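Below is one structure. I have some questions about it.
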Amino acid sequence: MLRNNRVVLGVIGADVHAVGNKILEMVLKEAGFQVINLGVMVSQEEFINAAVESDAGAIWVSSLYGHGEIDCRGLREKCREAGIGEILLYVGGNLVVGKRTFDEVEKLFKEMGYDRIYPPGTLPEVAIAHLKEDLSS
Amino acid sequence: MLRNNRVVLGVIGADVHAVGNKILEMVLKEAGFQVINLGVMVSQEEFINAAVESDAGAIWVSSLYGHGEIDCRGLREKCREAGIGEILLYVGGNLVVGKRTFDEVEKLFKEMGYDRIYPPGTLPEVAIAHLKEDLSS
Amino acid sequence: MNPKEELQNRRWDDSRFVAERGAVLTQWPTGVEVDLADAFAFHRALPESKRAYHKLRMGYEKDYIFLQPRAGVALLSEHLILLAKLEEEGRADFLPTTIDSYTRQNRYEEAQKGIKESKLAGRSLLNGFPAVNYGVANCRKIVEAAGVPVQIRHGTPDARLLAEITLAAGFSDFEGGGISYNIPYARDIPLDLSISHWQYVDRLCGAYAENDIIINREMFGPLTGTLVPPCISHAIGIIEALLAAEQGVKSITIGYGQGGNLVQDTAALRSLARLGRTYLERAGFGDVLLTTVFHQWMGGFPQDEARAMGVIAWGAATAALGGVNKVIAKTPHEALGIPTARANIAGLLCTRQVISMLEAQKSLQAEGLEEEEAIIEREVGEIISRVLELGEGDLARGVVRSFEAGVLDIPFAPSSWTRGSVIPVRDQDGAIRILRFGGLPFSPETRGFHRSRVEQRGRSEKREPGFRMVIDDIYAISKGRLVGKPR
Amino acid sequence: MNPKEELQNRRWDDSRFVAERGAVLTQWPTGVEVDLADAFAFHRALPESKRAYHKLRMGYEKDYIFLQPRAGVALLSEHLILLAKLEEEGRADFLPTTIDSYTRQNRYEEAQKGIKESKLAGRSLLNGFPAVNYGVANCRKIVEAAGVPVQIRHGTPDARLLAEITLAAGFSDFEGGGISYNIPYARDIPLDLSISHWQYVDRLCGAYAENDIIINREMFGPLTGTLVPPCISHAIGIIEALLAAEQGVKSITIGYGQGGNLVQDTAALRSLARLGRTYLERAGFGDVLLTTVFHQWMGGFPQDEARAMGVIAWGAATAALGGVNKVIAKTPHEALGIPTARANIAGLLCTRQVISMLEAQKSLQAEGLEEEEAIIEREVGEIISRVLELGEGDLARGVVRSFEAGVLDIPFAPSSWTRGSVIPVRDQDGAIRILRFGGLPFSPETRGFHRSRVEQRGRSEKREPGFRMVIDDIYAISKGRLVGKPR
């Protein structure tokens, strides 16, 4: 982890689940990252603007409320358009409506261009380890 | 219900579940039947002897503990040998080991020659209605 | 908010209501379907068993605990099937229609897209039922098909159009309030605006009531569902009840979300009913039917379904022992996603089993209960007095100023209109206490009480109470405990 | 019973034990496999984590509540798979090996047939594991594979050979007693015979103890599992503990089956531990480790799995609030049949979730608890004194005479060796009281207490307490209530 240990963080769409977001911010900071936390109800544009402005290494998208499938589609494309096509995109939470197998969900979001997809209940520590790995490789 | 409103009652095999048996006795009596209650741990021979002696119209076999499949097999044949081949044979309780569909269980016990088979939790009233019907037809 | 009108806790003039109504009903094409005369006639034709107020009153008198699930899917046809199952197999006493999150944010175009994509995908891509898009005639199919009252449950800061459409469709129960459906559910909607919008909703219900159709209004007690101290949710619920009553609402339910500690929860339920009634009476609303609702644990759930059933059952036991008029049941799928009908039914039946097994034991009196009730009552008293002071006698104004001052504050909320400086934490027994008071207007005694409880835990865990402890508490139930363990 | 020896509560002479042992070990071919020296060596080589006594003592000191399922199938290979799942996924603290009903009646030929038919059918046709038929070497595979202590659970009036084989195989915990494994589990085995057979088992455990291998002996508290008043199961459990201690047993667990009323159950659990310890100490057995076990509701369960989970969770809550060393968990399949591994795991995880959520609340003190404890203690005192009187100082003789006289009596039992004239019924709060006393040696105060409680219910239900009411109570929990409703 050399350069851009800056992470843009937010909960996408019309989603207001704030608790996990507050915890992620804290734990990322504790782990030495710079965090740009956009809070809840964040649009794709807000994510990208923040990432461009801060020259972030990664965007962490949360979606808890079930509309993740609709809300998250197209973010990778917009990143490319904004010239940050290579930025790391992580996504986690309760990504789809209803209880579905995580394999299905992972496939869906991989296809949308997300680098790492986390099932409900993932502890932040797990993803932070991945982030360190991905940023230094 | 004209003649033989006498019912032989008991829990078959090595089964000691006594609570249902006590209730069945009481409710049958209340409904006007004569009850020969053999209690628990009743062998096939004991059932048949009691039925022959009392000239009973029906035998009610309970099996709760899961060995019903082994214990109940052959009772109809023994009835025939004893000259009471036409006696009504009802069976109820938790007839097999484990949780299986009642359809399967019913088929199994029909093939063994039981006239009526009851799933777990049957209220006595239901079977008493059947018994009245069967005895008067 | 209409800039001409300053926020006040005063019954709206008809002229103001009528003027605003015109704008509301044109927010989306289905608004034209609303016809009050027709709506009243529809409600009047409904049997009492399908009207929330009548059923609540009956249960209240008989001391019966009703059960209600949460449920809502994108497509009407599927929603009807779902509700039928919950009523027949789950024996729900009240049915819900939970609204999707786009509608909650008045994003009707996106909701429309969600309906379309759901039809294509053959499964619901929305997290609730988009009632506004469906309109009055379609929504009536829900009320007609149900055998019990149906309530709209959502989380909408501006629910004016939603209320118009669904009440006209015969729904007789409507959840939400200007505080409880803003601060936990939005990022930057000004509080005076949401309160004004909810005055509209309450005035609409008042108009129904004046036509002898009593709509029940339920306040959303759990707020963020995460370690909310009872005094905060009680104060807010009671304030919302007072605001609603002022607009002419005649049937109000105030709520509380399970904390997990039996003594605290019992005290909370008992004090909620008592305080609610006292404040309403004092304000001259003794004719309002006030009932209470209990939410099984609203924070993060364990993923394992059997463990989730344990949490659900403990909530049921608490409801039965604490005493309440209605329970909103959770499901074993809570941690994972919108539940299937099956999971929802499981939550209901498990809850019913426990509540009816404990019915005979509701007189259980635990040691420390009275003390706990007294504390909650004192705290609520301290908060509400200060709110009224800040409002210079006007409750609505007081609320806005109190949120600015941190006198009212909701922990972990997404809204920029709450300070977020109150930080709760569990004590050693698992009761929710306050670690940082922010601007809460507490007396030294109240502060001392919280401090001593929190310190006691700190000593027993040999660590300084702080944010780590709070995070441990947030995760605790999902990890199988009540009090978060040091890692 | 050996006709030469009269039943007495006196430690057996070695000569008697050795003589009888010869006959026991030849009851079935596998008896020859038993070699005590080899058995002791095997036990000694086991880590403490796999030896019941050590684990129980650790839990007892740390105030930890252990969980244990019931499980046993006909075939060893499947039994091993089943236990592995219960340990890994269900996190069982103690594993069981539940024995089939033929073995329980010493019908080893039929058990053999059951093994054969099960192999043919590809599924278990026996309701448990036929340990005697499998013999020592095979049974050791169970102990070797497990990571925790394994207990034999059964219901065998004459368990001498079963004990010989399974203890030699390394099982370190053995359930049963001369009363609790006869009266509820047999039709016409004389009580003096079963007590004598269990003196043998206890003496065998004593022999192990003398070689520093402490086997835990657990008494079967729930008896018929159906409305058993705590005083009856407590008296019997304590008597069985005293009989076992006399034969040299050094680790004893006494049990109690949930009644359903929280106050009564809490009082029962607390008084059980206290009374047990008092009686043991008084008899000079202060060195025995006495622990308690709680059985979730042992009577008829609801068929619906979600409702069953509610019953299970309420049992868990009771265990946590009442305090106990171990819980035997039920499963959501209870009403239907032997549970699958999955169902068994669900019961365990639900129980664990509730117990650990309530751990922080175990100091809960309910009103009326002390009174209830005092009543149980008085009743147990009245029963045991009379038993000793009838035995002219000898407890074993006293037990036999007491059952004859109805001084000891177990409701709803199948055995002709109990009178069956005690009839229990629930009171208005759901606590189990006594409607007909039979020969119970109760003082006028005790009788008066029960009568007044039962009459109170009669008045509130406007019906004469009688057998109808009892039947309603028997069905109640399976129908979703605690107190049976008039139909």
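Which chain is which? They are A, B, C and D, in the order written, and residues in each are numbered from 1.
Operating definition for what follows: contacts are C-beta pairs under 8 Å (C-beta built on N, C-alpha and C of every residue); 3 or more make two chains touch, one makes a residue touch a chain.
Since this is a predicted model, take the numbers as computed values, not measurements.
Participant: Would you mind pulling out the distance in Å between where the CA atoms of chain A average out and where those of chain B do?
Facilitator: Using C-alpha averages as centres, the distance is 65 Å.
Participant: From the mean C-alpha coordinate of chain A to that of chain C, what's the distance rounded to whole Å?
Facilitator: Spacing between the chain centres: roughly 30 Å.
Participant: Measuring from the mean C-alpha position of chain A to the mean C-alpha position of chain D, what distance in angstrom results?
Facilitator: Here the centre of chain D sits 54 Å away from the centre of chain A.
Participant: Please set out, as single numbers or ranges, the residues of chain A touching at least two other chains.
Facilitator: none
Participant: Quick check: what residues of chain D touch more than one other chain, meaning two or more?
Facilitator: As it turns out, chain D has no residue touching two or more other chains.
Participant: Graph shape for the chains shown, where an edge means the two chains touch. Line, ring, star, complete, or other?
Facilitator: Topology of touching chains reads as a line.
Participant: Among the chains present, which pairs are found to touch?
Facilitator: Pairs flagged as touching, ordered by label: A-C, B-D, C-D.
Participant: Quick check: in the complex, which residue numbers of chain D touch chain B?
Facilitator: Interface residues on the chain D side: 100-102, 104-105, 107, 110, 113-114, 117, 123-127, 155, 184-187, 224, 226, 299-300, 303, 333, 335-340, 343, 412-414, 467, 471, 474, 478.
Participant: Sort out for me which residues of chain A touch chain C in the complex.
Facilitator: Touch residues, chain A against chain C: 13-19, 22-23, 26, 39-41, 65-67, 69-70, 94, 96-100, 120-121.
Participant: Would you tell me which residues of chain C are touching chain D in their complex?
Facilitator: By the definition above, chain C touches chain D via 260-263, 302, 304-307, 309-314, 316-317, 345-354, 356-361, 363-368, 426, 428-430, 477, 480-483.
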